Each structure stands twice: as C-alpha cells, then as structure tokens.
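Presented below are the structures under discussion, each in the form of structure tokens.
Heads up, the next two complexes both have chain A, just with different partners, chain B and then chain C.
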Partner chain A sequence: MTESSVNKLLNGDSCRRTSNGLKTSKNGFVKNHCLLQQPHKYRRPRDKNPNVPHNPSLYKKPFVESFEETPLMVAVLTYMGYGILTIFGYLRDFLRQWNIEKRHIARERDEQKDFVPLYQDFENFYNRNLYIRIRDNWNRPVCSVPGPKMDLIERSTPNYNWTFEYTGRVLKDVLNLGSYNYLGFAENKGPCADAAIEATQAYGVGVGSTRCEMGNLDIHEELEQLVARFLGVESSMAFGMGFATNSMNIPALTGKGCLILSDELNHASLVLGARLSSSTIRVFKHNNMQSLEKLLRDAIVHGQPRTHRPWKKILIVVEGIYSMEGSIVRLPEIIALKKHYKAYLYLDEAHSIGALGPNGKGVVDYFGLDPKDVDIMMGTFTKSFGAAGGYIGGKKELIDYLRCHSHSAVYATSMSPPVAQQIITSMKIIMGEDGTTLGADRLRQLHENTTYFRRKLHDMGLIIYGNEDSPVIPMMLYMPAKIGAFGRQMLKKNIGIVGVGFPATPIIESRARFCVSAAHTREMLNTVTRTKFPRIQSNYSPIQRALTEE
Partner chain B sequence: YTIIIYLSYPIYLSIMRGVLSSIMASGQQWVLVEMVQAFYEAPAYHLILEGILILWIIRLLFSKTYKLHETYKLTENEKEDLIEEWQPEPLVPTLSKDHPSLSYDIVTGSPSHKIIINGKECINFASFNFLGLLDNERVKQKALSSLKKYGVGTCGPRGFYGTFDVHLELESRLANFMQTEEAIIYSYGFATIASAIPAYSKRGDIIFVDEAACFSIQKGLQASRSFIKYFKHNDMKDLERLLKEQDLEDQKNPRKARVTRKFIVVEGLFINTADICPLPELVKLKYKYKVRIFLEESMSFGVLGEHGRGVTEHFGVNIDDIDLISANMENAVATVGGFCCGRSFVIDHQRLSGQGYCFSASLPPMLAAAAIEALNIMEEDPGNRSFFNDCLNVALCLCDRIPGLRLEGEPFAPALHLQLEKSSGSREADMKLLRSIIDYCLNRNVALTLARYLEKEERFLPTPSIRVVVTVQQTEEEIQKAVSCIVEAASVLLQ
Partner chain C sequence: MNFKNLREYLAWLYYQYLLITGIYVLEPWEKSIFNSILFSVIAMVIYTSYVFVPIHVRLALEFFTRMFGGQPESTMTLMT
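Our next item is the complex of A and B:
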C-alpha cells in the first residue's frame, strides 16, 4: 500500500512537470531562441523544485528528484529557535565578559595583547554559542576501519563541549552511515589491503619529490593509464589530494578574461580554484538550467564587463552528486547547452565516481553519455575507492598541458605509493579486471541499498532530499538543536550519522545525512529505520501524510 | 534642458521678486492672506510659466542623467548571430613537442637512497629524503601495522568520521616535538600554508612577504585577498622601511589600523634560494611594529637545530614568539601531509577556518602512523643532527670549486642550488644547458634534478638551477663521486 503511494507521489509529480514542459516546448523554443525550454512565467518564483525535467527528450530514463518545500510551521519554529539561541548567546557573552561565567576559550598571549586581534570576537559568536553546544556530533574519533561498522572512542565533556576527555572506553560496532565508503572499499583485509601492503614494502610510504622533478614513480604511470581506461578518456593525471586537484588545476586552465559559471552549491575546493584563477566568476542557481542558459547567453552577447571584449573562454563547473543535497547534475542538458554555446565543461565527480552508473563510472555512465563530451573529468579517490587523492581525465592535449602547468605537478609531492596501489586494485575490481564479479556485485548492492533505504525513509513519511539514485541521502531536521539531539540519540542506539547545519546548508535547512554503502546489509539498514528516529516528529512530510491518509 | 532653465530663470526671478515685494510691502509681518493676494495679483501667464518650470525642475531632478541600455538593445536574432559568431580560445594552448616538463623521468621502485631512473640505478641527490626515513624499516613496519588495522583511506573529512585516533596522536606528538601548545595536521603538504594564511588574513589585512617565498605561500596570499607587500629577499632594512611606511599610514587613520591585521610571512630555509631567514631580527621587528610572524619550515623542520625543531631552535628564538609555524611532512619526515603548530589560541581557529583542513579528506592513517614513527626516530637520535651538519659542510667545500657553476645557499642547507655563473641570456638555453649536466651525471649514476618552476605563475621567478639534495645516507665516497661527476660535466659542457 505504501509502495503504491510512493509511486503515486512520484508519478503525479513528474506528470505535472512533464505536461508543464511540453506546453512550453511549443513556443518557448522558437520564440525565445533558447536551447532549453523556459519555465512558465506564472510559476512561483521561489519554487523549491528547480529540478524539473523540462527536456525529457534528453533523458533516457526518469530523472526524479524531490526537494519538498519546508512546511511553514517548521520554518517559523526554526527561525524562533535561532532567535532564542541568539538571545541566550548574547546573554552568555555578557556573563562571560563580566567573568560571571567561566571562559573556556583559549586566550591571546599577554605579550601580544596590544596587537590587532587575530580574529574578531564577533565572528566567532556562532561558533561559541551555537556550534560548540552540539559539537560532540562531529570529529568523533574513530579507532577502526571506517567500514559498515566502526569503533568510536568514547568522549565525555565536563563543560558542555568546551573540552573533551577520553573515558578510555570504546563504542564497539557503531553502524557507520557517515563515511563516504560507497563501494565498501574501506577494508583492512582482502585484495586491496594485500596489494597496498606489498606496495608499502616495495616503495615505502613517501616519495619526497614532485612529479616534475624526481617523484614520478612507475606506479603513478600505471595508475594514470588505468584511470584513463576506466573513464574512457584519452589520458589522465592523478594528484595527491582531492581538494587540491580542484584548487590547483582550475587556475592552470582559465585566467584573466575567462568566465567561470559555477553552480551555487559547488564545493569549497572548486570555489577556491575559481578564485585563484583570477577569472570572472558567475554563479547559477543549483542545477537550474534556465539560470545557466541565461548566464551563458548574456555572457556571450555582452562580453566582458566594461571592456565588452568577448570572453576568451567560458568554463561551466558542476559536480556529479552534490553531497549536501543528494542531487545529481542534469548532465544531458548541460552537455546540450555546452555544445550549443561552445563552452567548456568541468565535471567534479567527487561523490559520483564509483557510486553511480551501471559500471560505476560516474554520472556520464549513469546517463549513458559519451565521456568525450565532458572536457574535464575530475574526481577523487577518497570515496568509492577507499584511498586518497584526485584525478583529472580528458583529451591528451589537456593532460599534457596539465603535466607542464598544473601547480600540483610542479610543486606538490606526488601521491603515496600504497595509496596509489589501493586505487589500482579497487579500480580493477570495479572494472572486473580481476576476473571476478566482485565489483559488479558491489555496484548492484549499492544501488539496491540506495533504493531500499530511500524508499524506507520515504515510507516513514520523512522529508528526504535528492535524486532517487543518489547514495547520499539528506534527511531534513530543520531545527539546529535537532542536529545535536538526533546525532546523540542515534549514537545511543549505536548508529553513527552526520548532521549538517549552517553554514554548509541554508540557515533553516539543517539536516542529517546518510551515506549508503555497498557494504551495508539489509539488516543493518533495517536497524536504522527501526529506531523510529527519536525526537524529529515535526519533520514528517505533510504531503506524504496526506497521501497515506487518503 | 539647461538652456531652457537659463532662459526662464530671469522670468522666474521677476515673479518671485514681485511676490516677495508685495509681501514685504505689507510691513514686517508675514500674513498668509496677503501672500495669496499677491498670487492673485500676479499675471496668469506668470503663474502658469512658473508652474511649468517647477514641474520641469522636478522632472529633471528625478530623471536619470543617461540611459545606457536604451541605445543598443539587441534583438533576439542579433543575439543569436553573436552567439553563432563567438569562437572561444581552445581549452589549453598547444604545447611545443619538446617542452621540458612534457616527459617526466620515470622512477622504478622506491625513490630512496638508491634510485632507478629511466632504468638506470643512481645515487639519489634529488629527493627531499633528508633523514633517510623513506625506506626506513621501522617506519614501514609501523605503517603496515596501521594499514592492517585501518585500511588505506579514511573515507571522510575530519568532521565526518574522518578523525582517527592516529591523527590525534600525531597532533599531540608534533606539538610535543615542537614544544608548542597545539598542532593541526593537513593531508597535503602544499595545502598547509596555503590554507593557513587565508584562515587568518582576510580582505583588507596586510601581509609582508619575502620576495623569495615559495609557491604555496604565494597561493595562500592570493587566496587571502589581502594587501601584499613584498620586501627584498632577506633584507630587513627593506622590511623595516615598509613597516615604517605602514606605521605612518596607520597614524593617519587609527580607526582603520585598529582592525587591520598585519603579518610577516617568511620561510625558515627558503626552498628557492636555500637561504635562512634572519629570525631574531624578524622577532624584534614583530614586537616593534606589532606584526605577527608566520614561518614556513618545510625545508628546516627535522634538519636545523639540535633536536630538529627548525629555525627557532637554530637561532635559539623562543618558539612562542612565532605565531604560527607550518611545515610539510614530505621532506624530513618522508611521508605525506603537513602540519601547523603554535599556541591553541592561534591553531584552534584553523579547525573551522582552514579550508584544506575542513573540506578535505583526512590523512590516511597509515601515513600518519609513519609520521609518528619518524618522530620517534628523530627524538631518539638527536645525534643525527651533528652528523648531518658535517655532511653538509663536506658538500659545501667540494661544491665550491666547480668551474662555471655557482653554489647558492647556506652551507648547512640540505637542498642547495647550483646556478650558472654566466647566463647565456635566455632562460630556455640555460635550462637546456643545466639539463645536459644532469643527463651527464645520470649516465654516471648520480641523480640530480632541475629545480622546476611555473615560469608564468611565479611572482619573482628564481634563476634556473640544479638542485642538490644531501641526505644522511650519502657516504663520504658517494659525495666525492657526485662532486667529481658534476665538476667533470661542468668542465666538459660549459666550455
């Protein structure tokens, strides 16, 4: 019964949208000269659903994403919650100033009291009065493999999270729904670990030089050839840190007089890379193709600001799966736009590589597109491969250019050999080159787990965001205090989850995030849903409730 | 419009005069009735004209002075044509086939003391493996046992189940080793100082930097978007001049000065020049002008000072006088990653503001474990240091007499630069010449490397040089061999 209601909702949803899209296609395309159909003018301006497939023809299968609007009552309560927290924050700051309440925060050295303050006290208001109160939910120390179950070191605090003490006890077998271990390659046994052990014995752990100088090991070359083969691109290059792959390579690709069009929810590393490149940056609404197309048209028509010279090049920067929203990039539409407007596309597959697609090759594979249509394929090895670092794949000219001009290649130490080996082995397993179906099994398992868990949560009537195929599942909590309460309650039930709040999310959209892994069993996922999710009653979806009552 | 106003102005004045005089005529008292009467008395066309004028002035006041877009509103078809017409530059420019960085030398196996480059076994004078810990058996064993416990990756950033007990241990060990309150580790050496600088220095703040500062510092400066003032390399007078200038500026605008943070960023041992920074003088300037000091010690950590604590120990400067010390663990410690240390007041701020810390996956536990064991070795055997200094001195004496090449850097620096005495005038030709020396040595089993830079990106491009790295593993004999090899190469190729 519940299943049918899910379908009803989803179908009903997409029906409404498709008809919406079809209507516009009649005149929108011709009249506006836009490649993609424009939304109706009378649509609500702040629709929580920019993710409407306006161009169903571009998709080979249904593309269903849901971002249910925040219920009004909840929004009001959340703002009130922030209000109360702020008032109490000021009160406590006042008490601290007059030394009525003890200050736990580290102080400036006496000799340097007359220096300009290193950071403004006010800047830290949020940290001091909001974050600290619930910070026991983050940085929980792990002391085992971050696999489907992990061991956590127990912490206690004598002063409401200002300082932590280790009790010496270990919380055994906490169910791990926080690590990005999509394919379950975070293992200390098995072929990957064995290969990494061998690599450590053969190479040691360090390299002590850069790729350009004396740090280009044969294992790196092997890795890069494998990555290129895996992605289906001509050539690839691997880097020692995922974050730096973005922030140190975008500046090599664009510069002054270039335009970067960046999704508003892009990761900090992409934002940093764009800034360091000294190109002009314009931001489009999350996954909103109309917004992107408008920016593209305006950019080409009007050229650079003030000088009105044409842009040298335009780079669209998007991610595969957005880790805070669980949404998947609308790649078919972006590729259509990119081709029409002659822009270049930088796709960051940090979360999607390995986790999406029938062969685990990321969003390109998921949509059944040609990897050659994406100019720069970037991704990380941290998540699905259980290693560290990042890669860039693309045409041979691109990679050759990066080999000479990437900041990382010239100035940063190359990747540690055991890490490289872990990637090689896990990637071969995913590709089935080890002669087993282990990789295919994991991919299937991940997909099953994702669908199952998403459906379960949905059936419970919770508001969850994102695409139905995304293994990142944000569940809305809205109120900041609930992040703390929910995280602690779940830990009591031996389940480790991640809570995310402002500034990583919009201020009223605090959420809990589940990352499903292929290593999770059905039983484990059932344990989670069986907890009934204490203390989050108000987050049940009104739409869902109405449907079930029906 | 203005002409009309000029023309009508006398008329307007005359009306006003008429009105006013009629009011004044009625004596000193201001009577409303009389004013209204004056209006009646005035001729009708005057009033109408006046009314129009007033309306005109109001219109002029509120209308925009110019309209930019009205003049060229493009039609959809014109836009379409423009879009059709626009041709972007290629994503990357085409490279010349013989770009020096296009084909990397391939190292087979471990890049430790003995290294196999392009199939040839050589003595390694190129990797920053100062303390020879790269293939140290103890370090390997520790890394292996960690690997068997934790696997390779951490699958998350520090905040989201990416903090391991090994990380906490390494942080406290580093803090202990450096004798500071707190340390914070990053998963990549390059990202360490590049993230640390923008965590503190924001738009509007001022950073004084040595011209020879390494590339990761330059990137940190760029990310901070602060005002950057470069002083001449190791020139304290130049720095003081800049500080004085700033001081004068501050006196003019004390309100702004109260919120403008000021930093000096220097390297302990400069990687680009192999010089040491004059730390005691910097500390004096720090207190005189109330500027904070950030010190990047990637080259000196584990090398200088009796216990390997770096430049502070070398000069006997109180480590608390330096606000932040950062170093990577990729040189002396021979693993991957970097760390910052200092007082908790300073360091703790990075746990939420250091981008490379918050948003990046944490360091694989096995690499952290290797670093812990490396620290153990460094703590157990401080004798390492004296041996090391001897070693460097030998290298220096020998290096001094190579014809056509000049040695740059402090005698005790572990990574020295050999530059051409006479440049041929073109950078490219110089690089080629130096490369031929390196190839000559490679053929005779001595591995050296060119110091590589991104020529267009560096703020002050260093002169081309061969980098000679000295490690504890090199024997007297091997050093002799390397030096004679370089001498030979130089005398053959530089004539």
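Our next item is the complex of A and C:
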C-alpha cells in the first residue's frame, strides 16, 4: 500500500494538512510538533549556524551575535604552549619535591604522608605552575573610586610573584576597563553620594538585624516599591548581597521533584542555588533553543526518572547578559517556549539591568516584551547602580512567599541604609524622575561607547565574542602567556584590564574582558585602541583578513 | 607596525616567539634551558640535512631515472 492510500483510509480525506502546515506521515500522525524546529535536511556541522534565530518574526530588531571559531593554527600553538609549560611545571615540582629549590607553596606535612594527597590534582598543579607566575595581573589594590579612572598601588615582587611588596608609589589615573560600572554611578561626588551621606547621618551604617526581625527599615520599603515600579512588576524584594539572592532564593522556590533547566554557562551563584535546592538539574547548550526545547519535551513526556510521575515544576534559569561571553539571552524564543510548555522562567539580569534597553530597564525592555511574562526577575544592584545587593521581582504572591521562606530574608542582615539610598537615587536618575536628563544621557552614552568600541576592535581584526549591543566585550587571546603579557603591557600604558584564564573559561579560550562604561569618553577609548595591540595580538580573524585582502 | 631598523624587528620576532611558546612566563634560567635545547635540536637538524640530503636526493634521482630510462628498452624487446 502506498502512503497516500493509507492516509485516505485513516483520515477520510486525502492528504489532510495539520494546523501548522506539516504534512502527515505514514499513519496519519504528525511527528515532531516542535515549535522551533529545524528543517529535516542533513546539514554538515560547519553549515549549521546556531546563532541565527529560527523565528525571526519574534525579534523586532536584528539579533547579531558572533562567536568565531578558533583558527586551527592558533589552537595547535596554544596546546603546544600549554604542553611546554606543563613540562616545566613537572620540572619545578621535581625540584621542589627534592628540596633543591626553596618551597613557597602550601604543602602537606610529614605526618600526612600516609593520607590521600591534597595537592596532586590538575587545579593545584595549574595554580602553582602557571597562575602564580602571572598572578601580578590580578588582585591589584585599588586606592580610589573605581570610576572611569582609578589609582592603583604599585607592587613589586622579589621572587616571581610568590610574595608582593609595596614600592610606595601610587599609579594615578589608570584607565579602568574592568569595573562593572556601566552607567558610571561609581563616583564619590554628585547627587547619589550626597543622598547617601544624608542617609548615613539619619540611619547610621549598620542595621544590626535581619529583615524578619528588627532590620526592616522604611528605606527598604521605599526601595522595594521603587524597584517594582522600575521593572514594571507587582512587587519586589531587595537583599543585601547579589550572590546570596540567587543561592538562597532558588532553594526556596524549588525542591525535590522539581526540574531546573539551566544554561551551560550560568553563574556560580545560580549553579549553587540549584544544587542546594536538591531539584534535578539538566543543562542545555548555551543560548541554544533547540536543545532547550528537546529537554522540555523529554521532561514532559518521560516525567521524573524512576516513577515517571509528572514534574511538580519546571524552572528555566537563564541570565540576561552572560559576562564571560558577552552574549544576550534569546528571550522572545524562551518566552514562547515557556508559554507553550507551561514552564516557569527565572531571569538573572545581573549585568543587563540598567545597561540594556532604551530606558535602561534590562533585557525585557531591550526586546520590547511584557515584564509579566517573566515569572521571576532577579537582578543585582552592583553593576549599573553603583551599590551592592540584589533584588527579586514578580507577582505579589511570589514575593510575599519569599519574604517568609527565603533563607536570605530570615537569616541574613538586611541592606545597609546608605547603600539603599544610593540605589534609590541612581534608579530615580535612570528613570528621569529627578528632573534632569542625566539618566537618558548616560544610557545613550553607554550605547554609543559600546557600538564605537566594538567596531574599532573589530576593524583591528581581533576576535571579539558576543552580541553587538552588549557592553561586556571579551577579546580572545587564546595563549596562556598572552594573558600575562597583555595585562602587564596595558598597565605600563596606564590601562587596567581583566584577563581571564582557565577555571573561568575553557582552557584554550583565554580572553581579556573589557567592560565599557558610560563614564568613558571617546578620548579614553581611542587611547586604548591606539596602543600597540598588534605587538601582542596579531590579526586572527579570518573574516577580517579576507576583508583586508580584497 | 613600522619598524625603524632590523634590530627592532628582530626584537619583535623574539617577543612573539616568547609569547607563542609560552616561555614568556618562565624565569630566566628556565628560558635559557628551553632556548639552548631548542637551538641544539635545530642545529643538529641543519647539520644532518647539510650532510645527508644532497646524497639522498642524488640517489633518489638516479633510482627514478634508471626505472623510467630503462623502460623504452624493455618494451622494444617485448614487441620484437
């Protein structure tokens, strides 16, 4: 029997079409009712571009992200470099073991020799043989406001970074490309600082109790109402520490019998919170909607692992901007998926609140979506507001529940009053309620700086990751020696940058991460791009090289 | 990048070599060990190729010419 006659028998009419236009297969059933389905063609892995959104109608403006592949030669040379350093690492460990060389590193005592060795794994090997050699690029003491320019205390090391000493000099006006100062609110003069001083004089600095006991000040209530108005949600709650907001509230929301679907590159606080909650955790590929949809379908079809009962809750945990990649979450597609499969969404806007969107209201504003679609909107005040702490916004029932059941609300000290006042003032400036256009100016300046800096770096032929609109700009360095060299050379030219290496990124993808700020002027950005980058980083990008060869 | 003289260009090349092999992070005595080992290996390679490569090339050329040079003779004998 042919396929068409089978269809006629089962369906009555010939070649019946289903509602979304898919043809019925042999038995008249439609397989693969996927919402965001790829066409059934075999694609060579190189042709597949997971960065192209499959439903472009959901996006109001073009979503341009690029994660260029590591060039083959670079990957080979990076592995070779790591191999050479590993050999020298073994040599130095040998010398240390046999007391030929003086030992500075933590080691076991003689009495512990019969126990399981403590320092033999790869992380410790990497730490003592590579990280310590280039460790002078991190933990540099800052002795001024970390605004667009800062002062660093100069250090010298007599024994190759095992110990540091202060030389007594202070490096003044080092250009700061590492602080998360997106809107430039890290300043010690101006309306925010004055308001914070008044709050200190009214309330003092310490609160001395938790929110549930005696630590609930009226400034906290004012802050929470303001945050709820800013985000466009019914109610919100503020916590003293951003990391604790994630790690202490996810356990209050999910528990055993719930499923958490979290992105591959989620922050440690989200991972910790998910693990503390003792829910089942499944990981989907970074920003990949097909992977997420597949996991959702499997979860709904198969249920919990052994009993096959339905999951109590399915929570999708994503971030607004991923700080190591500079990528923005595909929020319209996730919301479509969430509504279709009836899951819940937890959005961590640590880096995107205040930095994205025409009004600075985060990634929801950037895509032009309704804030009521996101069930739990979480964010921090550390990055764009120049303060410290975190918030969670959502429906009133949710926030009332969290006020009683969150570990952070019950056990952690509440936010300090000057910090809360700083947030209130800066949020009013961003919303424009203080009567000036300072907020709108800063948002526009941040956007201009981001576009300008990204374009300049791209024109120089460097490989830049991430979305065109994200103010976090990771520039790929790949080789381990370049992280150290780049940091030191930049400091010689009075520019402070952050280099990121192995435990935070995959081992061959080391990078330098620039955080553009609204307080940077075009002059400052030009100073950076005019430095002799090519001395360290040659023209890797094959796309750019193809363009310059024409 | 414009180099004023050869010296600056050589310094840049050495710097790139240090960065790419990862030697840049090592202490000076480790750099000397690695450079001396690499230099001696390269010197041995150059010496061996100087001594042996002309002889091998000549022998290979002789082998191939004998194989193809001898061919017309054998086909002639087959035809007659």
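By definition in this document, the second predicted complex is superposed on the first by the 486 of 550 C-alpha atoms of A that agree within 3 Å, B and C clash if a C-alpha of one lies under 4 Å from a C-alpha of the other, contacts with A are read in each partner's own complex, and residues count from 1 in each chain.
In this section, a contact is a pair of C-beta atoms (placed from the backbone, for glycine too) under 8 Å apart; a residue touches a chain by one contact, two chains touch by 3 or more.
Source: prediction; values computed, not measured.
The partner that reaches more residues of chain A, of the two candidates chain B and chain C, is B. Contacts of A:Met150 after superposition: chain B is touched, whereas chain C is not reached.
Of the two partner chains placed around the shared chain by superposition, chain B is the only one that A:Gly208 touches, whereas chain C remains out of contact. In the superposition on chain A, A:Arg133 contacts chain C only, with no contact to chain B. Of the two partner chains, chain B is the only one that A:Pro141 touches; chain C does not reach it.
Of the two partner chains placed by the overlay, neither chain B nor chain C lies in contact with A:Ala518. With both structures placed on the common chain, the touch criterion links A:Leu398 to chain B but leaves chain C unconnected. Residues of chain A that touch chain B in their complex: 32-33, 106-109, 111-112, 114-120, 127, 131, 138-147, 150, 153, 176, 178-181, 185-188, 192-193, 196-197, 200-218, 221, 240-244, 247-248, 251, 253, 267-269, 272, 275-276, 297, 300-301, 310-314, 341-344, 375-376, 380-383, 385-388, 397-398, 400-405, 407-413, 415-419, 422, 496, 498.
Only residues 77, 80-82, 84-85, 88, 91, 130, 133-134, 160, 479-482, 484-485, 532, 534-536, 538 of chain A touch chain C when the two sit together in their complex.
The touching residues of chain B, counted against chain A in their complex, run 74, 76-77, 79-80, 82-83, 86-89, 91-95, 99, 101-102, 104-112, 115, 117, 124, 126-129, 133-136, 139-140, 143-144, 147-156, 158-165, 167-168, 181, 187-191, 200, 214-216, 219, 222-223, 257-262, 287, 290, 292, 320, 323, 328, 330-331, 333-336, 343-346, 348-349, 352-353, 355-356, 358-361, 363-364, 366-367, 370, 447, 449-454, 457, 467.
The touching residues of chain C, counted against chain A in their complex, run 1, 12, 15-16, 18-27, 30, 34.
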